[in-house]
Amino acid sequence: MKRIDYLANPTRFMRLAAVLTPWMGWATVLLAAVGLYLAFFVAPPDYQQGESVRIMYVHVPTSWMALFCYVSMAVAAATGLIWKHPVADLVAKCTAPVGAAFCFLALLTGSLWGKPMWGTYWVWDARLTSMLILLFLYLGYIALVNAFDDPARGAKASSILVLVGVVNVPIIKFSVDWWNTLHQPASVIKMGGPSIHPTMLWPLLLMALAFTTYYVWVLMVRVRGEIIANKIRVLRLKQVHG
Amino acid sequence: MTQFTGKDLLCVRGGRVVFTGLDFSVGPGGALVLIGPNGSGKSSLLRLMAGLLKPYAGIVAWDGEGIAEDPEAHGGRMHYVGHHDAVKPALSVHENVSFWAGLHGHVGTVDGALETLAISHLSDVPGRFLSAGQKRRVNLARVLAAPSPLWLLDEPTTALDKATITTLERQIAEHRAGGGIVVLSTHGEIPLEGAGVLELAHFQAGSGEIAA
Amino acid sequence: MMGVFGAIVRRDLRLALRQGMDSVMVVMFFVIAVVLFSFGVGPEPNVLARIAAGVIWVSALLASMLSLERLFQIDYEDGSLELLALAPVPLEVAVVAKVTAHWLTTGLPLILAAPLLAVLLRMDGEGFGILIAVLLIGTPTLSLIGAVGAGLILGSRRGGVLLSLLILPLYIPVLIFGVGAVDAAIGGFPFKAHLLILGAFLAGSAALCPWAAAAAVRQAIE
Amino acid sequence: MMGVFGAIVRRDLRLALRQGMDSVMVVMFFVIAVVLFSFGVGPEPNVLARIAAGVIWVSALLASMLSLERLFQIDYEDGSLELLALAPVPLEVAVVAKVTAHWLTTGLPLILAAPLLAVLLRMDGEGFGILIAVLLIGTPTLSLIGAVGAGLILGSRRGGVLLSLLILPLYIPVLIFGVGAVDAAIGGFPFKAHLLILGAFLAGSAALCPWAAAAAVRQAIE
Amino acid sequence: MTQFTGKDLLCVRGGRVVFTGLDFSVGPGGALVLIGPNGSGKSSLLRLMAGLLKPYAGIVAWDGEGIAEDPEAHGGRMHYVGHHDAVKPALSVHENVSFWAGLHGHVGTVDGALETLAISHLSDVPGRFLSAGQKRRVNLARVLAAPSPLWLLDEPTTALDKATITTLERQIAEHRAGGGIVVLSTHGEIPLEGAGVLELAHFQAGSGEIAA
């Protein structure tokens, strides 16, 4: 039974991915176009921050995505460890570079925004620090998953690491509430609904959606690539082992 | 009667099927010899039996109960001798053996085991001064010191001289006479009376059964 | 179960005392790292005093990490780890026993050496007591977290550097609150909150890390 | 002889590129160490800038040391080192070849990453060029000295810590003049003397270390 | 005629005399088989012959010249096969073998050696995927790929299956027919025509001869 799963799952996934990939690609383009238009030409400049507030439409979605990708990795890793689902391991592995990129962008846009807002690119406060740790966790994951001769070992070891590192996510999320930081607390994702004007909320949500579809798109492409590479590797091995 | 069995085992290593559809069954006093050319999966099967490796499909069971359900119980009734001898260079031969025997709750039987394997004169010698064959004997002494019903031995005669191989054969016979079970792999000849023989080369995967 | 725990702790202590001068070496690394820093930064006493707590913590952290690299390595290479995993007790017990022995032989000596280095770096006298207190709470946490990393790198091709990538990020919170407590004490601010948070870290890692480390070891010996 | 030298360098480069992301990891350790120090020391920009050169040098030194630990280790464990010692060329050639490959895969990337960290630590702009120059002269010296230590620890049971004890003291002079040159450049003082001394260190270690390292390796495989 | 000789060798390891007063001499086409119980010093003697270990007293010589006088020349005319297989997990079988052959100045003969040991189908497989016996074959392929007059083999049949042992025996016979010299240690039986046998147990130190 399990053996059937093992052989069939990637095939089923490949079919699903073939259907989804173009849709996700187009959705990304469309959502990003509308979102960027609203962000740059429709949304008002802030009464305090002026035009620099527009960094928000990149900064906030990338920050969300950085957290979201890590949680997805944790879920995929747990699935891979518990149910030995081969696609789950690949999902975790392929999410890592995307998440790391989002995390890096969040840090970059945040510190670019910090210069006009706080007068400095960087402060060692809880939100910023925990976000930097998240980047290191991503990089550590990438290093570990590639550090073994046997890819299956890499997948298992790094899955355990993700599950340990996931304690950092709530710390990032709630650091602004638990410690007094320079960074402002949540105004969109919080109890009691968003407290932000719709002209700013809409472009923000559209951009967030665009980044999400982008993530799914890239993930599909990368996982398909991994599955094909695996097949080639196994075929080659089989050929030579006779 | 206690039976040690495996059913429909599929072993995958490095993305490659090593063997598939393998069944075995050994009863009290029984022995199973694993043979097969290099790379046919003898070591892999022994690791499956020990519980170090999980089968991709199929089940290894003791008395009908899967060994994965209670790994500690399986550890308590089993000795595994692999390629490494687990001899600490800084501990004396006696300390080495009695640590492992202690984990299995036996401590008084160490001297007898050393005696049997003719290394009691090395009792106080630190592990780092031992030759390949002497280390192997220390590893086997650990097995003799703490009686357990199931022995899993991966090429146990490696590096042993002829006298010691004879000793080992006698110990295996005694163990079986007491109702114990032995599974071992070998390239040479270990004469075990009434032992089953499992040729691993018969369980290679067909061309279609490559794991993705 | 307690018998096995004791047996493993005793074995590891014996190995540590007999073969390597582990404790001596960790302490010496600690001292040398601090000295390197003094050289790197230059001799101005007020700059040194200002960064004393940070330098001591970072050096302790690196020393702990370096010595943890081999926590499971040798047992892994000579086959002992397989046998421990096959012993009739849960692997978690063996992991905790090894971490305990490791902390006794390396963490404890570090703590004893710390006040000396604090003097060397001209740290303010108020900080001494609290420095020892935070090290007492903090270093077991480091050992526990490090055990997970030590399990994960087994069998990989790049030990030391890889380990540092995996666990140094997780060490950062301990570092921040550890340094924070000392600086607060020196500045005359309340530091109880820091200690509580460090205690929470210790409790959390004592609960989680043994499982994670045992899981890491199990997959390594597959 | 040159053919064998080239063959070993090529093999080691291939191994490094194929299996571990050695270079990436060393750079990452370097970055993390610098970040740790920033945490430990706290965020005041002027304190950071003041100690920037020291922090970068100490981190580079620790990174170099960590990665050197395995210079001979893997070849020793799998029996390759014995065979290299039995090859029809002097063992010194093999040692220099391995050090060269190691420096190309780890030392060079460190140097490329250094300016970035200097920005992060708010180092003064004047120091950048000279920082790269001293690292270019200094890191091969570190590799050569480290090779001796890496040979000495073979077969001992406590790799990392022991290595650090053996070679960190020898690293101190390089550290002092390396930091001194950067600080001098920033302060507008002449720094040529520092560079000359660093060059002399490099020449000296290039002459002595291969022999010492080869001797160390020979005794390890007895 | 080239002669490989040892005179009055004394070997001390870990402060203990392993053997003493040992002489040997092998000429072109000759073979020497080292036998003896575990710990009698077979591996130690082979390491002395390779130059990895220095004798406490006595001399190992090639054609009358001590091997320590020109270690590089000795390295060029000798192959040593020890307990470790020196197979890099990240390099393919072919790359592994041709690196070592290249050090001895031979590169064109690698494929033939793989063919002989029946691992040419593994040529592109990374070393990490090999079983114990497959690694051992890669190690032996290195010896075949770069012809050298002197072979030193420490228990070369360890982990090999029967078919490969036969191949190895044939290769040794061919090597000797071409004027080569072989010294090997074994616990089993390797039938070598006209080989000298050295029983290490005869050279144990008396009770008084403990090195200080």
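Note that the chains are named A, B, C, D and E in the order they appear, and that numbering of residues resets to 1 at the start of each chain.
Convention: a contact is a pair of C-beta atoms (placed from the backbone, for glycine too) under 8 Å apart; a residue touches a chain by one contact, two chains touch by 3 or more.
Everything quoted here is computed from the prediction, not taken from an experiment.
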Neighbouring chains shared between subunit C and subunit D, ordered by label: A
Distance in touch steps, counted as few as possible, from subunit C out to subunit E: 2
Chain whose Cα centroid lies at the greatest distance from that of subunit A: E
Pair of chains ranked first by number of touching C-beta pairs: C-D
Chain located farthest away, centre of subunit D as origin (C-alpha): B
Centre distance in Å when subunit B and subunit D are each reduced to the mean of their C-alpha atoms: 45
Whole-Å gap between the CA centroids of subunit A and subunit D: 35
Centre distance in Å when subunit A and subunit B are each reduced to the mean of their C-alpha atoms: 47
Two or more partner chains touched - positions in subunit C: 19, 77, 157-158, 162, 165, 168-169, 172, 176, 222
Junction residues of subunit A, two or more chains touched: 129, 136, 139, 143, 147, 149-150, 237, 241
Numbers and ranges of subunit B residues touching at least 2 other chains: 14, 16, 39, 83, 89-90
Touching pairs - complete list by chain label: A-B, A-C, A-D, A-E, B-C, B-E, C-D, D-E
Complex contacts: residues of subunit E adjacent to subunit A: 89-90, 121-126, 128-129
Complex contact set, residues of subunit B against subunit A: 10, 13-16, 39, 56-57, 207, 210-212
Subunit D to subunit C touching residues, read off their complex: 19-20, 22, 25-26, 28-29, 32-33, 36-37, 39-42, 47, 50-51, 53-55, 57-58, 61-63, 66-67, 69-70, 74, 77, 156-162, 164-165, 168-169, 171-172, 175-176, 179, 183
Contact set on subunit C toward subunit A in their complex: 148, 152-153, 155-158, 162, 165-166, 168-170, 172-173, 176, 204, 208-209, 212, 215-216, 219-220, 222
List of subunit E residues in touch with subunit B within their complex: 13-14, 16, 36-39, 43, 83, 128-134, 136-137, 155, 158-164, 187-188
